[in-house]
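Listed below are the structures to be examined.
In the two complexes below, subunit A is the common chain; its partner is subunit B in one and subunit C in the other.
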Partner chain A sequence: MIEVLEPGLSTTVQDTGRYGHYHIGMPPSGAMDQYAHTVANYVVGNDEDAATLEMTYAGPDLKFQEDAVVAATGADMEPKRNGEPIPMWTAVQVEAGDVLSFEFATEGVRSYLSVAGGIDVPEVMESRSTYTLIGIGGHEGRDLEEGDELPVGSANGNATVGAAVDDGHVPDYANNDTISVVMGLCDYRLTDEGREEFLGTQWKISDEADRVGCRLTGPDIEGMFEEREQPFGAGPDPTNVVDLGYPVGSIQMAGQPIILMRDAVTGGGYATVGTVTSIDRDMLAQARTHNEITFEAVDVEEALEARASQDEQLELIRATFLE
Partner chain B sequence: MTNSIQRQELSSPRYEYGGDDHVFVELSEEMSFDANFEAQAITQEIRERDLPGIIEVAPANASYLLHFDPGELHPDDLIEELKALREEIDITEYTWEARVIDFPVLYDDPWTHEVMMKFRDRHQDPDSTDLEYSARINGFDSVDEFIDAHSGAPQMVTMVGFVPGLPWTFQMVPREQQIEVPKYVQPRTETPGRAVGYGGAFTATYPVKGAGGYQLFGRTPVEVLDVDQELPDFQDSMVLPNPGDILNYRRIDREEYDAIREEVEAGTYEYNIGTIDFRPEEFFEDPQGYNERITEVLD
Partner chain C sequence: MTERTTVTAPMPGVFYRRPDPDEPTFVEPGDAVESGEVIGLIGVMKNFHDITADEDGEVVEFFVENEQEVDAGDELAELEVS
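For the complex of A and B:
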């Protein structure tokens, strides 16, 4: 059992996500930075689908009621065990009665804490991920609060205390201002100049950036759209389309661009003009409010190669910690 | 005025990549029953084929979206399969048992009214209410007549999404009788739960409070989402509507709203639901006659 002494800014239980229900409007939820979540699990000997704690900007203080092996990955929140610093991306032993505490991240946004055996909250629709909008999954479907108690699953004994991820596999969160996007979906709605302007703009991440979406601010987007007689059912605004499904990672043009993240709406009536690649969604999860980003158009083969190469890297990391 | 539903040729569907792990297929840029029934028929077939690597199959109004594992399936192979599938589908042969659901609405209710007044600066016409504006641009003399039209013919659920349980419905009348309104210029950050709104050619009921861009017409006392599955009609799923269901919006007064709401909150409310074997061809030929048969299945 882990007792929450201080919840941090926004800490939730997350796993790889809740799938198979998109058609009833259920977004996947799950760890925003799947890479950091997955590696955190591998370091303590878990499978990738074990639930971790996702912390946002400022992490919690946690009291362990039992011995456990843990690892913190993602943004560096200077984790401490009983006030003494412990390394990131490393399997660390904690004893019953120890307090783990986290500070404020100065680079990146989200940290992940894995525990050997996983955070053992009940599954809802085959997932432990928290989806706060309708209050399901995780711990009571919400952000953690002071006094919450989290059960830990039984560890498989694969964890090696002290084992650490190679530096080469640790991302640089200070340098994530170029985001790869596969243009498409409804990008036929943009003029050539509009498309150029969209890709040439340094967009600023607004205060409204959370697990639902990353709202950007920049130049007026209406002018990027092709004039047309609107098709029946779309509504008269040039950015309107007949309501359709939105991929996670797609960029919705509603007044300003909004990149849809893992708790996003699953569909709607604003044109989407491209989709952030699955790997760069992880980087975006670490991009801070007020930072500026630019989109780089890549074709689907480049996106697939990058994904395959990261999958290989993860497999390598997994193999290291299995030994 | 025509009495039949004009068939639409879906001449050039678009197959689009959504990053490295989604394929989005826009069957048509415009809404039609043809596009929707084809989206339903194709996605049902994809589910039945159970292709390796497919994670999500989500039909929409005139399009559909697939999420897949690119480690197992190359998007180009998937797109080839989808194109072949399209050749095999004949939607007039696609029939289903449709549920017909009585759907009470308190139009012009106090709760959505209060919220819409907070967001007039995001609206096309800040000096009218959403109902006044929608009635006017659709050529109705009064809000009252407009509400009569909205509740005057049943609507088919053509998509579920946005948030869990939100039904998009499309009125089952010829196109020239269909209501069309714009979405808000900028989405609201607030919408009451159970608000009934309209955008493009669709009615939507918001399951929970949250952001939204649809014109607000009223509020229903019944739920479309019951997370704890307490109401008897939610035994199998936390979500009420499914694509292919038919909602019959019915204008109610405050007294009936309060009475139904009380039953819903007590967990005892039972929806008035009938079923009909839905046959697209018969509906296309004589929608008015078909709609009468549809409403008759409700007691």
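For the complex of A and C:
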């Protein structure tokens, strides 16, 4: 059992996500930075689908009521065990009675804490991920609060205390300002100049950016759109279209652009002019409020190559912890 | 000579000097504060983090306006330690 002494700003239980229900309007939820979540699990000998804690900007204080092997990855929140600093991206032994504490992230946004055996909250629709908007999954469907107790699953014994991820596999969260995007489905609604402006703008991440949507602020977007007659079934705003499904990572043009993240609505009537690649959604999850980002158009092939190359990298990392 | 301490923003967001738009400010310059007392909030991702005085003392001045954007490390207020 892990007892929450201080919850931090927003700490939730997350796994790889809740899949197979998108058609009924259920978004996947799951770790916003899947790379950091997955590596955290590999470091302690778990499979990638074990649940971790996702911490945001300010981490929690946690008291362990049993011995455990843990690893912190993602944004560095200066983790400490009983007040003594412990390394990130490394399997660390904690003993019953130990307190793990986290500070504020100075680069990046989200840290992940894995525990050998995983955070063993009940599955809801085959996933332990928290979806706070409707209050399901994770611990009682919400952010952790003081006094919560989290069960830990049985460890498989594969963890090697002290084993660490090579520096070459640790991302640099200070330089994540170029975000790859596959244009479409509704980029046909943009003028040539509008498309150029969309891709040429430095968009600022709003303070409202969260697990639902990464809200951006920048120039007026209506001028980027072709004039048209309002089609039957579409709303009156020039950025409205007849309702369609929204891919995770798609950029919804609703007043200003909103990149739909893992807790977002699954469909609606705003033009989605591009989709952020899965790899760069991990980077976006670590991009801080008020930072500026620029979109770079890539084609589907390039996006798939980037994903394949990251999959290879993850396989390499996994192999080093299986030895 | 009196000792002064500066309260800085631990995270980016929007700084609020009131708990709610219709409520009075937490504190004003000249007010006495105790260590741990809330003097403002930083809102990010629709979550709010308390900004507290780290020592007993008196508020000298605020460096940022209510609802102003702040980044981590920005100076928020100055306190005179008692």
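FYI, the second predicted complex is superposed on the first by the 323 of 323 C-alpha atoms of A that agree within 3 Å, B and C clash if a C-alpha of one lies under 4 Å from a C-alpha of the other, contacts with A are read in each partner's own complex, and residues count from 1 in each chain.
By definition in this document, a residue touches a chain if its C-beta (ideal position, glycine included) is under 8 Å from a C-beta of that chain, and two chains touch if they have at least 3 such contacts.
Remember, it's a predicted structure, so these values are computed and weren't measured experimentally.
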Three-chain arrangement built on subunit A, subunit B and subunit C clash or fit: fit
Partner chain(s) touched by A:G268 [first = subunit B, second = subunit C, both, neither]: first
First, second, both or neither for A:S10, with subunit B first and subunit C second: second
Contacts of A:R288 with subunit B and subunit C, given as first, second, both or neither: second
Residue contacts on subunit A - larger count, subunit B or subunit C: B
Touched partner set for A:G97, first subunit B, second subunit C, both or neither: neither
Contacts of A:G200 with subunit B and subunit C, given as first, second, both or neither: neither
Partner chain in contact with A:P219 - subunit B first, subunit C second, else both or neither: neither
Smallest separation of CA atoms, subunit C relative to subunit B, angstrom: 12
Subunit B residues touching subunit A - in the complex, by the definition given at the top: 14, 16-22, 24, 26, 28-32, 43, 55-65, 67, 70-71, 74-75, 159-166, 168, 170, 175, 178, 180-183, 185-187, 199-202, 207-208, 210-211, 213, 225, 227, 237, 239, 242-243
Residue numbers on subunit A that touch subunit B, as the complex places them: 19-26, 133-136, 181-182, 184-186, 188, 231-237, 240-250, 254-255, 265-270, 275-278, 300, 303-304, 306-308, 311
Subunit C - residues contacting subunit A, complex: 10-14, 43-47, 49, 69, 71-72
Subunit A residues touching subunit C - in the complex, by the definition given at the top: 9-10, 56-58, 104-106, 207-211, 288-290
